[in-house]
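Please find the structures below.
One chain, chain A, links the two complexes that follow: it is found with chain B in the first and with chain C in the second.
Entry: the complex of A and B
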């Protein structure tokens, strides 16, 4: 497999674009005409060739530009990376998991050579070569978690398991849907999920936590979450709220198809072996409503899901100002055809 | 459950009742790293019976060449420990699970008090390596019947550098738990592994002294995802499926070629729910999905984790 990496931006002129192949493999999250929170967790098993589930960590045409965007965000706000001191073993666990998987899955891009504890990492797309001693953080230009996190698409949180719950004790977070790492570092599962509506009465979070406390090293799991974002912007953080929230007002009948993006997070969870910590990966995929409408099946499905979405979810996901434009625009594709179960495109 | 194939590389008699096994991966590759306090479940095929026993890993977590376990012969049972003692020899192949840690050290503790009774010393042997690696403050209190029957005392003395306290029953030495737990600094965690009267005594003493529940730990093993074999009849498909002891009902149905829905495969999502039409022995519910009243009614089963206690079950599939 040989990818061409896009030269594109996720800010200012927003030149981000999906190729037809990228649209086709977009992890469209709706299998049914209705959506409500559920414990939608499944084994992170190897998926179909070419799909976003084919490999442990998906690398796609946006890889290089996305890593660049991440480095810009980190430079402007170093607080997007945080790690409490007791997470150092988990940091090395993370580095090992990522390097091993990426070198194994994408040998044309990444190579890991081990000579005892002395490892050499080659990242061809980003033109990085480093030789370091595994376990000795002074031999890397950043802490191991930040070093590797900067070379991967998506955000990562490292969770320490204690007191029968999980604590977000480290994170590298630059493409979040309006939540703050600085605010959440050191918080527990119950605390950081506090703002989410409906989940208590549904019992979703209690069940999900029980499952995760039993997560095992060889059996990672995944789930999809979604929201909408105006412009293909990765950094929709509370810290930069004034820079992006205002764009919601630009949505109207003419602009909605281009401006509004379905933002899907492929969330993966891995138990780490030496630290017994958990990695939570949040990989963001963006597709404009026009991209989505390439496949009428998706446009119809999305129309129905949005039409009867619970008002608390519309509000929580920050879609209130422009949601009616989304429904109106999608309506043109919906001929009422009965869609069988499944999120696949035509 | 994903398993690892290992071969027995060495067997050593530590005391007349305790054997130590060194396990290496069958293909000579490194084994997965693990954290102190982890255990594996060893599968033993003993003519017609399968035993699955959990054993703590007692080697250093940084040594991935081999896993080390120690097994005390349990005279009262004819179970796995006797098999391990009498049948398992160098060169033999075994199946083990990946390490699981349900007895992990608290990374934020200011001090760790480890209390072991007899063979309960094993999880602490890997934990001590982790504690030493981060230079943590700890004490290991090790109680046993007599010095002749105590395992690994010399090795521990060397490793613990003055932090080991031994108590031999034969010399009338006892741990004074109240004394030990009364004067510990704030932020101390206590961990116990040993015979159940000892575990109960430590838990009670700590609670009575007002220790926070989260600072008191005792070893737990993962429940084997197995049970007794049974037959399930799929009413709509019109076939009968044997569910062997070591397979989940969902796996057995899938293996029989019947499409069954599932998602999490861990009893939380609700996707695999099946309607129970008939059962002769009730349901062993292991899921977190059905409500208590639904569980009592036995009208539904989550086949990814639950089983029947009877011989026969009829479901609507």
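Entry: the complex of A and C
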């Protein structure tokens, strides 16, 4: 497989575009006409060819531009990377997991050569070649977690397991749906989910935590989460909220189809072998409502989900200002046809 | 949000009670927090060594120094400045041994200043017993410019660093010892809700 990488931006002129293939493989998250939080965790098993689940870490047409956007965000705010000192073993675990999987799944892009503890990593799309000593952070230009995190799409958090819970003790976070790594570093599972409405009553958090505490090496899991974002902006951080919040006011009947993006997070969780930490990957996929409407089935489904979404979720996801435009625009596609279960496009 | 919505990162404080299995006790309090210390000694005078650091900073603060002096015969230290009290704390922690238990009573700002001072000695905040007294004033972390603004008593406050108007959330970071402050008028510049004192 040979991808053509898009030359595109996720800020300023927002030239981000999805090809027809990218739309077709978009991880649409709604299998039913109604949405509420649930423990929707499943094994991160190899999925269909061409799907976002085909490989351990999905590399798509946005890879090069997304890594560039990440480096810009990190340069403007180095606080988007944080690692508490006791996480160094987990950092190397992460690097090994990522390099091994990417070199194995995409040999035309990435090569890992090991000579004892001396490793050579080649990343052709980003034109990187480095030889380093595994376990010696001084032989890399960044800490191992940051080094590899910069060469991957999406955000990563390393969770340390102790006292019967998980602590967010390291992260590289540049494409987040409005949460702050600098603020959340060191938080326990219950603390960092504190602001999410409804999940406590539903018992979702306790059950998901119990599940994750028993996560086994070599049996990763995944789930989808979603929100909406104005413009294809990866960096919707609270840090830069003053830059992007104002865009919500630009949504109207004419602009809604282009401006409003369905933002889907493919969340993956891997147990790491030496440190016993967990990698929490949060990969963001963006598709405008117009992209979604390429497939009438998706447009109908999205309309129904949005129409009866719980008001607390609308507020929590920051959609209050423009949500009615989304429903009105999607209504034109919804003829009331009964849709069978499933999130497939056709 | 409807009633019952509760941000779980917001700390819950308790009343101080002795850890009976400790090998020694270190009690820190300011102002009206002295009453919490007196209540501890109402419960019992422990057999293990007790050290008390008490600060009485301002003119208007209630002062329990005299009562504390008559009750506590062991190791009582009085301070006029928080800086000095925290310095003494760090001196004591340098020689601390396993089995030491720490108790704090004061404003939320004081409690988390103590936590931050103890952290370099490997003491987890969950090991420190905390009683909030006196004021509900909040320490606020500006998520935009990372400046900390102390003693905030209102729902909305002006950031000491970037001067944005910040909404004070219930979301609390134990690592920073502060609540999150988020620009309140980012969507509609200049449109501010009523500013009210809700953390007197």
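As a working rule, the second predicted complex is superposed on the first by the 346 of 346 C-alpha atoms of A that agree within 3 Å, B and C clash if a C-alpha of one lies under 4 Å from a C-alpha of the other, contacts with A are read in each partner's own complex, and residues count from 1 in each chain.
Throughout what follows, a contact is a pair of C-beta atoms (placed from the backbone, for glycine too) under 8 Å apart; a residue touches a chain by one contact, two chains touch by 3 or more.
Remember, it's a predicted structure, so these values are computed and weren't measured experimentally.
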item	value
Which of chain B and chain C A:46 touches, first, second, both or neither	neither
Contacts of A:321 with chain B and chain C, given as first, second, both or neither	second
Chain B versus chain C as contact partner of A:190, first or second or both or neither	second
Contacts of A:344 with chain B and chain C, given as first, second, both or neither	neither
Touched partner set for A:38, first chain B, second chain C, both or neither	first
Touched partner set for A:79, first chain B, second chain C, both or neither	second
First, second, both or neither for A:214, with chain B first and chain C second	first
First, second, both or neither for A:312, with chain B first and chain C second	second
Which superposed partner A:200 touches (first chain B, second chain C, both, neither)	second
Set intersection of chain A contacts, chain C complex versus chain B complex	163
Footprint of chain A on chain B - complex, ascending	2, 32-35, 38, 61, 98-101, 104, 106-108, 214, 222, 263-270, 288-289
Chain C partner contacts - residues on chain A that touch it in the complex	79, 163, 180, 182-187, 190-195, 197, 200-201, 238-242, 245-246, 248-249, 312, 315, 321
Chain A contact footprint on chain C (complex, rising order)	1-2, 4-10, 126, 141, 143-144, 146, 164, 169-176, 180, 182-183, 186-189
Chain A - residues contacting chain B, complex	38-43, 86-87, 93, 160-164, 206-208, 210-211, 214, 216-219, 221, 273-276
